[in-house]
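A, B, C and D are the chain letters, set down in written order, and residue numbers restart from 1 in every chain.
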Amino acid sequence: MSRFALPMYRHPDFSVPELRDAPVARFEPCQRDGVAPADYHATAIYPEYVQTARGKWILLRHSRMDCVIRKVNDTLEVVEFRRLKVGDLVAVGRRENGEDGIYVHTTGFASGGGESCETFAFRTSTSRETSFSIDYDTLYDILRHDRENGFILWVGGPAVIFDSDARKAFASLVDKGYVHGLLAGNALATHDLEGALYETALGQGIYSKKQASMGHYHHLDAINAIKGYGSIEQAVHQGGVRDGVMRAVVENKVDYVLAGSIRDDGPLPGVVGDVYAAQDCMRALARKATTVIAMATQLHTIATGNMTPSYQVLEDGSVRPVYFFIVDMSEFAAGKLADRGSLTAHAILTNVQDFIVNLNRALD
Amino acid sequence: MSRFALPMYRHPDFSVPELRDAPVARFEPCQRDGVAPADYHATAIYPEYVQTARGKWILLRHSRMDCVIRKVNDTLEVVEFRRLKVGDLVAVGRRENGEDGIYVHTTGFASGGGESCETFAFRTSTSRETSFSIDYDTLYDILRHDRENGFILWVGGPAVIFDSDARKAFASLVDKGYVHGLLAGNALATHDLEGALYETALGQGIYSKKQASMGHYHHLDAINAIKGYGSIEQAVHQGGVRDGVMRAVVENKVDYVLAGSIRDDGPLPGVVGDVYAAQDCMRALARKATTVIAMATQLHTIATGNMTPSYQVLEDGSVRPVYFFIVDMSEFAAGKLADRGSLTAHAILTNVQDFIVNLNRALD
Amino acid sequence: MSRFALPMYRHPDFSVPELRDAPVARFEPCQRDGVAPADYHATAIYPEYVQTARGKWILLRHSRMDCVIRKVNDTLEVVEFRRLKVGDLVAVGRRENGEDGIYVHTTGFASGGGESCETFAFRTSTSRETSFSIDYDTLYDILRHDRENGFILWVGGPAVIFDSDARKAFASLVDKGYVHGLLAGNALATHDLEGALYETALGQGIYSKKQASMGHYHHLDAINAIKGYGSIEQAVHQGGVRDGVMRAVVENKVDYVLAGSIRDDGPLPGVVGDVYAAQDCMRALARKATTVIAMATQLHTIATGNMTPSYQVLEDGSVRPVYFFIVDMSEFAAGKLADRGSLTAHAILTNVQDFIVNLNRALD
Amino acid sequence: MSRFALPMYRHPDFSVPELRDAPVARFEPCQRDGVAPADYHATAIYPEYVQTARGKWILLRHSRMDCVIRKVNDTLEVVEFRRLKVGDLVAVGRRENGEDGIYVHTTGFASGGGESCETFAFRTSTSRETSFSIDYDTLYDILRHDRENGFILWVGGPAVIFDSDARKAFASLVDKGYVHGLLAGNALATHDLEGALYETALGQGIYSKKQASMGHYHHLDAINAIKGYGSIEQAVHQGGVRDGVMRAVVENKVDYVLAGSIRDDGPLPGVVGDVYAAQDCMRALARKATTVIAMATQLHTIATGNMTPSYQVLEDGSVRPVYFFIVDMSEFAAGKLADRGSLTAHAILTNVQDFIVNLNRALD
């Protein structure tokens, strides 16, 4: 019986004078494809309310950072600039406290307690020396909750599968139902499949650490073999891939996106080569996410952070937070995400190998 | 008067028995698009010779790592797997000392001196504590040489233009003729253009470090503005962009590739959204490169490292080394490139801001 | 003509009710050597005022973090716990706004401008991607000012002298008068002297990077040689050491402390083996410091940060800030100092080699 | 039933001509305290044999890096330079293959297998992306073996006890008998005792991560309290310290050394303030060590690495390897130890919190 409960969300009080007397939001048409009208309003990660008619404040659904608000009939959509077409109606006005009919609600999940006002405290930032026991325990609680009652989205770099125990642990978490979506690149899949075929990653034993003879061919051979099957799914279904993360993902019918990058060899079948098409696929999962766990990749972590709001409006209209955990070895990488605006992210600074093994050990 | 001279290249001695008696290389046809025949030979970064007829050893041109050798009439091409078509003839055999008609020549530029055989020495790896004076001096010599006699290709992450002096220094190097090609992403260009329009990067003053009012709109506004012009080139030519790196690159007609990524906002006009198309554009420059300087980006550095050989065959048939310098703050990032096979890279561990200012100061 | 001027210091307004009506501070005697009385007051890095008689507020001189205030007749001293003797009178009471007769003044140097209150900004922390041009310019101004009008204290790890150009640059700054004190360990001095004797550091050429034959003996030989002279001073005066930082320090009669550590070989003559005696020597310099520049050492930087206040009371009674710059490659190291309470430190994230060469180039 | 067995040690073959015909080693007297005679021989981490009489090769016991060999009657001692006295006889000659009567045996534990001679392999260095499953398993085996049959020496920085679960895990390993010696500084003990008294480290909750009210006094209060008891031992025995690492160490009568540093507040009673006296205490434990585990401290790790040989001569005259594991978050820190000569060290790159929890979980 877990003590865990989601925090309550409090809607803004629209009866306060600033909001009660706020104007209705204005929308201007685009003059050119992909170009927003002057003074467009850009969305943040917080809940935003738009007053579309006197007293009617609409909470944006499926929001994300750095997009615009498009009005389609009575519906508001949060869309990337690149999707704008001539004539699209876009919300304008940048003030965030109702002055332009838009209210950004930063304290919806805040607990009542005030912050300390002492002159001084040591250790106010997060570093490798921060204590992480409570973060692990919190994460375990959230994952147990969201396995049944949410959508757990994982983001991973290849380091997740470079180690034998870590690779097994992640596959096990998929099998146990803790992975509802996976965002990764060609490399994670390639080296996971190399592991299934040769027990190596880039030619080095994932357990033994020995360099395999002609091991530098392994990743190319793995890609070539999967291409021969036609798809990763075919390779799994035909018995060509018997363990690992991609095996688990395919067998458990987990949604995944493999986004291409300029670093790729291959690529594997199924990798999305156009990065903006890949963004669309990723956001289709991100907009469902209630918890995101991003591990050992700056590229995919920042990309996902960009498209993940801090809240989720559930089907019953209730609002809950989206948890975002980052696992990385470096303060720089963890801090970079925070400095990009994903302020609500929790960082755990450790090697992803230990992290994923810990999770699998703690969760049934 | 510089003491600098390119090292001599020594071709292999094909009269030694192993090579004199080596078989002619074999080529097998592809059975399926994108899939290499069994036992295909993959290229490395070193000079490779293929014996296409008895005694006729052809040195591969425009080679790169992890590709295959395709025979088209009498020509040998080094191509990515994804470009293979049914029926293409691909070299097979993985042995590298002539046994399969292929010879990988790892010592063409080696000087005669032997290595020390003492039991022990401290400090054999490269770290932040390595002495870099000689690397700077060597690089200055190479750049002076290659400005007239080579193709200097730069690879950069956005950190190159986050600092006012660094951004000016890099633009100055472009103006002075030390930049023949530039590989970057949407972010470098976006923040450089944000700098030109607002003197900020992600809203923070690139000199003052002050947060601009509504500064978090600046990068979006910059993209929106450039889209309004239609292209970066139009923005420069119409006077909308008066300083910075992209201004210099456009005015000096430097070839550049902006490769898209899943992290992108926008993107700017001209960014290549398909990563494999972007790879093709990048390789078109990489195959001309005589010196590569890769700064503060793992993604673009590894991508470029993958497609850059250690040698260049000049028009007169002579062979010279391709110099590859990596500038990064972390041993991990520098080492990762080495661990990906780019063994000939020189790493300078420092902040790219100082690095680029140093270069501009040293070079007229 | 520099625009640089020290910021004005504003004393607290002791006429406000909280301070006007504050009690006189209490002092309790120590019952045991080295043990402070219950409820002792510990000092911070900020200016602190103690009301020793009605209306008489004394500003602490030579303060430092984590010490106690000892009353000796009418004088207040800031002393380490380990220096307390039975019967010493120590200030008690931990409240900082006058409630206990003690006032901690955190805003003496604050400019009037308020901080922005926008919901959001990117890039609020310091990282390798922060712009450092203005920090360099500010530091140049401060050093030019303090060469004549202050006490510039340098703290350095051995990385400062592992590179030929950096070692020369630091020695040059000493010769030019920008170094009034140096805090370092046995390693900096040992490898600097190794450089003078063999042009190596730990056996590797400080310019050539070549491993010297039997180079792993060099640091031991250097120590042995200096011991033969009797002292570093003797070695310099007798012509045994002709270049480098220790040569410059000795010839320019710069005060220095070489604090011993458990890592030391040797040690060199003059190294202070007892760390608490070393702390005393270090603090004798730190209490004079108007600017501190700490480079590439966590141990000595944190030690110095612990004993350096944020302000200095000059002989004429005026109060000025103490500038504290940290140069390091890692966000973790820079952040660690901040997390230890040295909140006013400026971090420049770069390789100390470039940093010191930049300084020497900019300063005549 | 573990598969683990110590590797066999093979003595050199002294019948080969170079050794059979080697001269007897020469010893020269010191002319001055602390100064070795010219051409002294410095020891390495490998087994070294000295021919003291024709055909009599003595294997050095209790060796360590960067010391000299002193002959006292018929005994050979490996001593630090600082311990030399006028008249002491010190071995001279730097050649390592018998030419000077000294033989450095680098391959005593080498298995027969040759290394691969392929042109190329990816991933030859150790980084955060290296697979560590096998290292954990190996370490578990060694610890199980050495609990009864060796001396397990731990070296730790304060990060080991900043986290609640990690602190408990380390204390548990002490209680289970896996810790025979502990080398640390004032900080580890201070913050561990702060944890026992206040459940904080530097004022931050070791589980809750909350800043305690007036928490920045906690470490000073802890030191003050322990000083009041007179010693850590007294504090434990009188019930003042009821959990944590120091409690476990004291109760289990584990030998420990707390070496002072210039960063220290306090210090705690029992901290050795003179670093060379501390080195002597540390080496008294290091010379018994059969396995060393050094966690999250550069200072103590390098100090210990300097004084730990790669082999141990057991009481029955047999020779076994000394295992040396380093746990750190940064490639730089791990590599630095290797670059200082401790070539046989195994690095595990992760957060020490996870590391120590893993060990405690795996070991009964």
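The rule is short, and it goes like this: contacts are C-beta pairs under 8 Å (C-beta built on N, C-alpha and C of every residue); 3 or more make two chains touch, one makes a residue touch a chain.
All values derive from a computational prediction rather than experimental measurement.
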Third chains touching both chain D and chain B: A, C
Same vs different contact residues, chain A with chain D, by half of numbers used: same
Rotation angle superposing chain B onto its copy chain C by C-alpha atoms, nearest 5 degrees: 180
Gap in Å, rounded to a whole number, between the CA centres of chain D and chain A: 43
Whole-Å gap separating chain C and chain D, where each centre is the average of the chain's CA atoms: 31
Set of chain C residues in contact with two or more other chains: 120, 122-124, 128-129, 202, 214, 216, 329-330, 332, 339-341
Chain B partner contacts - residues on chain D that touch it in the complex: 44, 46, 96, 104, 106, 119-120, 122-125, 127-129, 330-332, 335-336, 338-341, 343
Of chain D, residues touching chain C in the complex: 32, 34-36, 40, 42, 66, 80-82, 94, 202, 214, 216-217, 220, 223-224, 227-228, 259-267, 273-279, 282, 298-300, 302-303, 306, 329-330, 332, 339-341
Complex contact set, residues of chain A against chain D: 116, 118, 120-124, 128-134, 136, 158-159, 162-166, 201-209, 211, 213-216, 329-330, 349-351, 353-355, 357-358, 361
